């Protein structure tokens, strides 16, 4: 059958990796917050949408190209995350999963409905950077490639930062024993603010790219967050880099299932994969050992 | 003047939840009708008031609200909610109370397949959405049709219609696939379709999926002579969201402000003055539903439910929304759908020819020639 | 000997990744006695308890309780067969009250169990804390609650993992007195302890573990004289000072 | 006598609504080792947590080096020259030994200077140097305790506070740890520790405090407390 | 359990029994939905409040029950039998799933349940021959139970669920479940058969949503995959339980009454805002009342000893 032609398989692989990279960008931020403060942030996808709407506003009102808007959206979302942590999230750190789940759920419906009040439930998108590069017989989507490159650069950058930088190590220390970290002179609250800011900025970056890939409304977040959950489980909760692998794996798996089975089943991939992996390895593929 | 008690028209509106946007427009339409009818002296000389609640776009809330409207508020007349799902639930309540209801925003044929006696449709049924476009394809000598659709009630209805019409017209359905609501990536589907070299690509879709599909169609150079989608291209956001990619894409509409029909212009002008934007078909549907009620009351000269039911079944009238004429089950048959196309950055009615504002652009311009 | 052994461990192995926490441990805990286990930090003592009590089910080898194989059974099944233990890092139920913490461990749920729990708390002066949540206890208090918990069901064999660590010296004596008393009534004990005074005093029989292997076995004096043990466990100076706490 | 390095004056402290310290007084002079002993739940750990700032709800005075630090947040405490070794050999187990020490020197921004501090600690604990690239979680108990002490020494503190440093250690390690403490004292550092290994701790200490029910009970030199019959019976388990 | 402690419950139940005599159909529907939320919140309370296994996918059983009920009704079973069987099918689905998923801990379990709910939704969407897929199932009014019948069924479910919690709470099972919540391994080690207890709690907590789902299908008369496998419904259960006090008998009841009443009072007035306000309310509760409203009750203050252990 024509589906088995090498060119097509390669095309599937490329497209799947590109789709997966965007998932990964979103999931890595989610996992970072979980790893450092055991908070499952249900509002993470709404932070992404905040980035997307900000980009949209800059584009529609000031004519700023999304790739430029990036430099404004990233700091803005970082700041928003930074203070969100300070004002509310900080107060549920260490209080157990339920409290944080509920709090961030509250935040997410506040964000969604504020979005609805401002933007109504229209779908927005930005028609920039459209089309694809054709390399050989393979089409490489321009916006998705930009998103993937960005995703991988950001994720690896943050990973490197956590692994080697003084601040990054401090964040890992806070993740493990906040009290002891505090008595090493680490301002734990500030580190968490920084972490949340970082995660929000990653979500915002995903939002910027989303504007050129998909149409979004304030309620679009739900489509993404469920998949992100699946991804961080697949990659290992709290395992920062695991989410990158998880995202890429999901992207590729989805497209192959969509190609060889059907698109409807592609949606099930995330959850079937999730359940299968949990049944084999109850703590995810990479386990939570390597926190953050 | 003897009767001063006002007439209450009840409805539920999607003010929050997934249909919030359309719900608001529909409500505007209702309210405009209430103002108009009162200016004209009300219904049988009595002033009309609208009683409405937010159904949160949810079937169970909708059902509860119709119970409230009928038993709590004791309304005199009922208009249906937006969306097929909420209507399916709400109409059962109306049926239970034997209370006729004008469905103002539902097009799934399921609603009328249940043998209910009290639901009357206004929208063109979803199954006929693509008929004009498929007829056009036939006319142009095209053969191969690829069909994609989302997996909820309405798109499935559209798809069933496409299948039936394609068969009737002798077109070959070379591809058919359903996709889930959270699909953001259509690459696999597009690559499969591309290999089949279809002449026509039809989608039973909403806005985000149809825009994502077209974007990726461009990326993977999927070409067909006709691209047509339900809902998406009919909405104002389709063009701005896609830019040049939207050019030439066809879609359906229940109604357009540029339609060449009596009453349309006045309504559109009045609406724009009142709300500051050009009305979409949801607004016109709201207004039209009111007008149908008005016509039925005029015909029977009473608010008696049994009489109204009979009247609604018999009635043949033209509102600002188009013609109203139902079959024995209450399903709308009188109103044709309209086909629109994005030409030069805006949306134009191209079919049927009697009401068309622009000529069809055909075929779809190849990607490398744009 | 075998007939008298209440607990018998035969050639048990347990690896964690590359670490051989237990490599072929064989030992016996005689019925009605108090057997001690000592060994440097990280020598595998706690791991052995984890395996024997069924918490850690990744080990190979054989374990018999009263002649019946128990390796692979769930902790609750092993508990029902009469083996109870404490954890090295105390595991009180933080949001249950002290009283509830004890009652959970009773086989039944009635007045008698409740009274027994209160009686035990009385013995260590924790009675007043009956209604305090587990998490609001100090470190040492948590250790005590955990110790009392294993006494709730009249187990035949009790494994204690450094029960007195962090408990103040006066209460330690009470604790060891209780152990002695119960032992007098027939309960068998298997105790990990770093306090040599206690080991010398209490234990009929001592096993020394090092790097996952039994390196010595016998009564305390024999074991203490062993050169390997000296090097691995006591360090040069401590060996001559003998017990620490007098 | 000179000014004490640390003065605790009428310290009250509470966990939520529950008060556990009632007007505790304590003094620690430069170059001393001071031990706090007492029954379980007496409030020993609480005193320490209050000093290092881990407990928010406290009142009274805690004067360190002439400055009242009772309102200071925990992360500002190490900068003053106070090192803290928590109860139960807590190390950052997923990080390497070197990284653990680096965390102790978090406040030093200069990389070179940080390296020198790490080297200084390695010089004191050659054992740690051997395992510098190992994950801290894979160290033995005694090594972990040394790492925790080393970490507390990274900023070259004047006062080191230890909560039960010998807890759960085998005799060989207990020996090593107490030797290390003696050595620290010899270097002129000041030590404040809580110990249930009370006899041992008092032997080493210049002075000791006995707490009970959140209140001061006895206070004297280590030797005198050891000799005191009441103390021996009530708190040291002597019979 | 003394009479005094169940007295308010009896009074409430009697009031609810008498309600149809004085309420309009609409008010009855409001009460019906309230009772449904109480039943659902209590079932969630049973598994998650008691054992600490936070389920984010309890709507899976609601959905299964709804589909089972709707299909059975269509196939000609009387409505009450359809409800029974709906609950039974939910149980049959839950028991093996419980055995599988309850091996997972903490967030892994939570998200696995979320995944199961999604899989449930997908099965309902994809198994077109049985479920009519995304078209959903409209039920014919001729076969549907009356509002009153639905109401009393839901009342029975709410009372059942609450009594179940009360019974478990003051029973050895409750103590064991709470021990599992606190430290599962330690619970095993004091003889608690954790697997058995968890699976029992999980299965019990699935039966009620199963039955409630069937009643939902009947009073709504139309179901589709999205509306019954709705994660948002699950979150509502959690909000109600936590608002009132998780692991308690009356907390979820108080939470449900409060949220539904507040919703009823505000939603008609401020349609766009009330959801955002609900968000603010949730955030405020988490920040200022983390243990729920019941924690304000004066008799729940902690007791404090004034004597040290070991002191003479």
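A, B, C, D and E are the chain letters, set down in written order, and residue numbers restart from 1 in every chain.
As a working rule, contacts are C-beta pairs under 8 Å (C-beta built on N, C-alpha and C of every residue); 3 or more make two chains touch, one makes a residue touch a chain.
Computed from a prediction, not measured in an experiment: that's the story for all the values here.
Chemist: Which chains does chain A share as contact partners with chain C?
Modeler: D, E
Chemist: Starting from the Cα centroid of chain C, hunt down the chain whose centroid lies farthest away.
Modeler: Farthest by centroid: B.
Chemist: Tell me, please, which chain's centre (mean of its C-alpha atoms) is farthest from the centre of chain D?
Modeler: The most remote chain is B.
Chemist: Return the distance between the CA-based centres of chain D and chain E, expressed in whole Å.
Modeler: 50
Chemist: If you average the CA atoms of chain A and of chain E, how far apart do the two points sit, in angstrom?
Modeler: Taking the mean C-alpha position of each chain, the two centres sit 31 Å apart.
Chemist: For chain B and chain D, what's the span in angstrom between their mean Cα positions?
Modeler: 75
Chemist: Nearest whole angstrom, what separates the Cα centre of chain C from the Cα centre of chain D?
Modeler: Chain centres of chain C and chain D, defined by C-alpha means, are spaced 29 Å apart.
Chemist: Among all residues of chain E, which ones touch two or more of the remaining chains?
Modeler: 122, 125, 272, 275, 302, 304, 306-311, in rising order.
Chemist: Could you list which residues of chain C touch at least two other chains?
Modeler: 136, 141, 144, 168, 170-171, in rising order.
Chemist: Would you pick out the residues of chain A that each touch at least 2 other chains?
Modeler: Correct list: 113, 116, 222, 226, 264, 267.
Chemist: Contact residues on chain B for chain A in the complex?
Modeler: So the residues of chain B in touch with chain A come to 16, 18-21, 24, 148, 151, 177-189, 191-192, 195, 207-208, 211-212, 215-216, 218-221, 237, 240-245.
Chemist: Mind pulling up the chain A residues that touch chain E in the complex?
Modeler: Against chain E, the touching part of chain A is residues 34, 40, 88, 91-92, 95, 97-99, 101-103, 105-114, 116-117, 222, 226, 229-230, 233, 237, 264-265, 267-268, 270-272, 274-275, 278-279, 282-284.
Chemist: Please name which positions on chain E make contact with chain A in the complex.
Modeler: Counting only chain E, the residues touching chain A are 48, 54, 56, 100-101, 103-108, 110-112, 114-116, 118-119, 122, 125-126, 231, 235, 238-239, 242, 246, 272-273, 275-276, 278-283, 285-287, 290.
Chemist: Across the complex, what residues on chain C touch chain E?
Modeler: Those residues of chain C that touch chain E are 53-55, 74-77, 79-80, 84-85, 87, 91-96, 100, 103-105, 107-109, 124-126, 128-129, 131-134, 136, 141, 144, 149-150, 152-153, 168, 170-171, 174.
Chemist: For chain E, which residues are in contact with chain C within the complex?
Modeler: By the definition above, chain E touches chain C via 171-172, 175-176, 178-179, 181-183, 185-195, 302-311.
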